[in-house]
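Chain lettering (A, B, C, D, E and F) follows the sequence in which the chains are written, and residue indices restart at 1 in each chain.
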Amino acid sequence: MAEKTGLVVSAHPGDFVWRAGGAIALHVKQGYRVKIVCLAYGERGESQWAWKKAGVKLEDVKAQRREESQKAAEILGAEIEFFDAGDYPLRATEEMLDRLVDIYRAVKPKFVLTHALEDPYNFDHPLASHIAQEARIIAQAAGHKPDPDRAYTAPPVFLFEPHQPEQCNFKPQVILNIDEVWETKYKAFQILAAQKHLWEYYTRVALNRGMQGGRNAGIAMTYGEAYQRLFPSVVSTLS
Amino acid sequence: MAEKTGLVVSAHPGDFVWRAGGAIALHVKQGYRVKIVCLAYGERGESQWAWKKAGVKLEDVKAQRREESQKAAEILGAEIEFFDAGDYPLRATEEMLDRLVDIYRAVKPKFVLTHALEDPYNFDHPLASHIAQEARIIAQAAGHKPDPDRAYTAPPVFLFEPHQPEQCNFKPQVILNIDEVWETKYKAFQILAAQKHLWEYYTRVALNRGMQGGRNAGIAMTYGEAYQRLFPSVVSTLS
Amino acid sequence: MAEKTGLVVSAHPGDFVWRAGGAIALHVKQGYRVKIVCLAYGERGESQWAWKKAGVKLEDVKAQRREESQKAAEILGAEIEFFDAGDYPLRATEEMLDRLVDIYRAVKPKFVLTHALEDPYNFDHPLASHIAQEARIIAQAAGHKPDPDRAYTAPPVFLFEPHQPEQCNFKPQVILNIDEVWETKYKAFQILAAQKHLWEYYTRVALNRGMQGGRNAGIAMTYGEAYQRLFPSVVSTLS
Amino acid sequence: MAEKTGLVVSAHPGDFVWRAGGAIALHVKQGYRVKIVCLAYGERGESQWAWKKAGVKLEDVKAQRREESQKAAEILGAEIEFFDAGDYPLRATEEMLDRLVDIYRAVKPKFVLTHALEDPYNFDHPLASHIAQEARIIAQAAGHKPDPDRAYTAPPVFLFEPHQPEQCNFKPQVILNIDEVWETKYKAFQILAAQKHLWEYYTRVALNRGMQGGRNAGIAMTYGEAYQRLFPSVVSTLS
Amino acid sequence: MAEKTGLVVSAHPGDFVWRAGGAIALHVKQGYRVKIVCLAYGERGESQWAWKKAGVKLEDVKAQRREESQKAAEILGAEIEFFDAGDYPLRATEEMLDRLVDIYRAVKPKFVLTHALEDPYNFDHPLASHIAQEARIIAQAAGHKPDPDRAYTAPPVFLFEPHQPEQCNFKPQVILNIDEVWETKYKAFQILAAQKHLWEYYTRVALNRGMQGGRNAGIAMTYGEAYQRLFPSVVSTLS
Amino acid sequence: MAEKTGLVVSAHPGDFVWRAGGAIALHVKQGYRVKIVCLAYGERGESQWAWKKAGVKLEDVKAQRREESQKAAEILGAEIEFFDAGDYPLRATEEMLDRLVDIYRAVKPKFVLTHALEDPYNFDHPLASHIAQEARIIAQAAGHKPDPDRAYTAPPVFLFEPHQPEQCNFKPQVILNIDEVWETKYKAFQILAAQKHLWEYYTRVALNRGMQGGRNAGIAMTYGEAYQRLFPSVVSTLS
């Protein structure tokens, strides 16, 4: 029987934690193998505190953020691979694209989580989304590293919630109930010690999405994560 | 255990057949009780052939279309209730809205199917969608015909595909696989004997949505119906 | 051979002059019979100057505006019919809708010109557009005042340019070259003596749309009118 | 010198508290006279708890909600007028529209706050927005209750944040810093004793809009209210 | 007298056949010289069948697809030039852009046909559209390979229909009646022997666009191709 | 006290004159230091007249346009820096991006003016907007050329009006009253001697935006410039 798997393509370490930590932990709990591709360490643009001491070195910041990311991934129960693509600006090479195609084909994910299509606050985010989508398409091409025995189906893509959703033209179409794994997600928050103000911000986001989820479905739930689908879902029942 | 139920709010008889006949038959097959509210008989605007003979009377056209609708609903396995709201233009009264609220509360549908939000070719369609939505909202109001023992949860709404989807700003978010009931749907088509040219039109729509569904999901399927969701879905897994 | 005809549905007198005066005069020049339906006289909301003298009566304002409109229509070469629907707010009755359906069937227009779909500055405008569209649809219904011998084809609809186009989500899809009839249009402006500041405003609009038209088509032209199409055009060549 | 005034048009009592309580209190503190028009008491649809006891009467629920609204308005420092238009569904009469026009002309507001243009969860909200906009337009018409001495300028309109902003196509264009009056707003929350779960929901909304405001402007602020503008602002400097 | 010419910029061979084959054949029949620029052979991503036999070589797949494309172009009556830009992903170089500018200037097309602006299923398509548009703009620049005697006018651009139009935010604005050349288009389908399932898919698309065209225009027609315009059309009559 | 500063990122010389000349002159008059970054000289695509004489050299055209731009900037009172990025197509290098980041940090602008997000007539424009935005984001990254003493706040971005605003999905959100500096702006027009037809075009744009501004605000004003905001404004009062 085919393994259940998921793939997350994240620009920076914080993103997979704040935006998709619940989905990752929940599917791991449900028996999925989840792999995170973390394109950059967020070393220049998302490590403001580290640069407050004079003389700090880029490599040190990267190492520290890598370690944090590794720990956060462990808490969530996922594997993680780093591309070291640089940040502010992130610049994806053809080699990275190629490696990501290989990952799609190896993991054969049942779903992919990545960034929203637009973000005027952070151009690394839509670029990460673009490479995630492009690799997914290329992985379908029979003539890219051809192998007649390969089976691969392009998975559905879920875009996770950006920091200021309306400014990114993000529209929630799916609210995932993450009550069961909230504590795990919050533990992953705590790894990101330098962004303590965001712990509470994203706790509030989760509570409000949770209340919206409850209201939309008429069920009791407390914590939610919002996603936008890139493609139609195909179903055999409407309820 | 709660009965599984569905509700369809259709402007004219053809609409529930062409646009939602697959969903109706499929859910009936899955054990759902499905109720159709047919707001008008399509007597003036969707019975062109009947008016070709001089001297025909409105009541006769209505009776004929009512009979057809009844038969089509039977083939699909659904109940049907007529509001006789008139067509071209459809005009919904407060009494009809009130009746529809009662139906929501009695049926307690797990899903509602109705028209798209816009249709520049046919203003009866968005009006039907409007009344379907408004009744759904009012049915939630504890102070409307209050009854402390009542349990009612507003159901998800699925908008069915209009005749020219792009002109109606309709975007498919859900493709329902209707392979299992295609023959039933096509039998219902055949009741609408005067619109034979549309049998083939909507067969082509179903085949193309089916191929799109197969392509989006990487599965084999032949016939599909497309729907747009009005509200986010609330889920506990993403695949 | 079928007569060439056009229909204009305008909320207030100024609208058909500023927004469609060129199209009217041009088609008249090309041998079209053009009929204007002017829903209201603009007596309350578009006659600010008239109300500056104390004691003026509504009927007098209406009479004056009716006379002006009549003259402007004559200059443009069109017939005009008034519905006296009131303005600020315009309120269309079922009788008016019915009369407009009759007009569609009598005139059998090759095109209809009316207001844009939205206008946050003036709610009479989208309402006029709504009634124009609804009558066009009803006129297609064989069972509305049935007559098996009637031939009627729903005409294309062109939305004319509102005062602040971007705020109305108006997007020009057609630029009509009105060079040949500019002087006639400008003469019609001059009938609207109390709105002299708008003569120059709409002259500038015409010049800028003219320059855009020239630039889009690579031709020399000076004056233009912009329209948005409500429906696809059906063509047998792309150039 | 002209008095500084503001106008709020709210469908139900909760709306002006949750969505605009900060703006009201802040402008009152800045010396504005603020008037709230509360169209309905929310008696049927937003008083679920009251209907839980059998035999309660509509008039009692209305009286109770009226009292609450009055108190909340007092805490915020605003006047309030009730239209008793009914809720679920709200139905505005021509008399109410006329009264609202009179209020515009009497108050001469420097700004108007009302609901977003769409809300698929609650049709009373866009209807309230529609009447607020329509009255604003009619108040400009010189021929509506003419008076040559009247001075009236149509004010800017700010749409306040709906419960699920993305589903309403609401896009924040203005974030108002309400730090100075947060405690007052929260006191007004506490009047709405039966909706205690919403106190925390809207506190989280205020905190997250506050953090977004701080991030957008590079300033320290804690609590925010988001608004969308309906019309362009006219300025004499860009910073 | 100026020759009548058209230009088609297609990502892969199938695209100009499925999406624009009717327009090409029709204009050829009307005396146009039509040139197709086919950016890639679709060798990796649109030749799944070819890769099913082990050991097949990229060059062989390309040669085979080139031959097919050549034949399909011949059947349609058009010239074809290949850029061999690679597919999945297509990567356009500055040299290709430069060559395409030269082609615009040499062909002086009366219209350009290319891909829709977005396609989440296939990133080669919007990229082809981008290069087609960019070359059209550069061809206007007097200082690019300057020649004071050159006459060049940027042509209108028509975007052809993608595989899943709503997902690409494609909106038909023009429906081209291709009845006269349907058999030719279908013959070109048959060259694409390995994609037989798409023959019927695109026949259904043509039939449904044809029925929509007939309905929009009130004329009898059977087969249509849908296009979206990128720029306003400039006209001297509205019918 | 912090100096008041503004930054303008313009693709070609004409752009900062036609689109933002009023804002530049006005803020200079208000004591701002304004810096213009002019990415290209418009040498190939916006100097049609220069290329009409045979044998003219690219360097000569660039020199002439540079001189003009310098003069226009002087008239407006601003500094100017040229990047010589080429035009038709403009191609921004990583070095240019880096230089622009340095400029942001040195100037610390209170506002940035740049191009709209889309322009199907001119791809240099959205590219200029993209680099202006990307540099603004990178300038926030503490780890880009780290300096713990640096203070930098990302400024609000205002998009200026493109030549055909609706085709670029440009929506005016701010109208700047430029009456005080109109003569200065018009003087800068006159430097662009070869584009005399555009002097009148953009005078008409300014007059019409002025009338719209007056109408929106109920004030007397004559000349306006329209801008779209990229981010919400943060305010402490709504009027």
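We take it that a contact is a pair of C-beta atoms (placed from the backbone, for glycine too) under 8 Å apart; a residue touches a chain by one contact, two chains touch by 3 or more.
Since this is a predicted model, take the numbers as computed values, not measurements.
Common neighbours of chain C and chain D, by the contact definition above: B, F.
More than half of the contact pairs of C-D, counted by residue number, reappear in one of B-E, A-D or A-E; that pair is A-E.
Annotation: 38 Å between the Cα-based centres of chain A and chain B.
In chain D, the residues that reach two or more other chains under the touch definition are 121, 167, 172, 212, 231-232.
By the contact rule set out at the top, the touching chain pairs are A-B, A-D, A-E, A-F, B-C, B-D, B-E, C-D, C-E, C-F, D-F, E-F. Of all the residues in chain B, the ones that touch chain C in their complex are 43-45, 47-48, 50-54, 56, 58, 61, 87-89, 120-123, 167.
Chain A contributes residues 4, 6, 23, 26-27, 30, 110-111, 113, 153-154, 156, 158, 172-177, 212-214, 216-219, 221, 224, 226-227, 229, 231-239 to its touches with chain B in the complex. Contact residues on chain F toward chain C in their complex (touch as defined above): 121, 163-167, 170-172, 197, 200-201, 204-205, 207-208, 211-212.
Residues 97, 133-134, 137-138, 140-144, 146, 148, 230-232 of chain C touch chain B in their complex.
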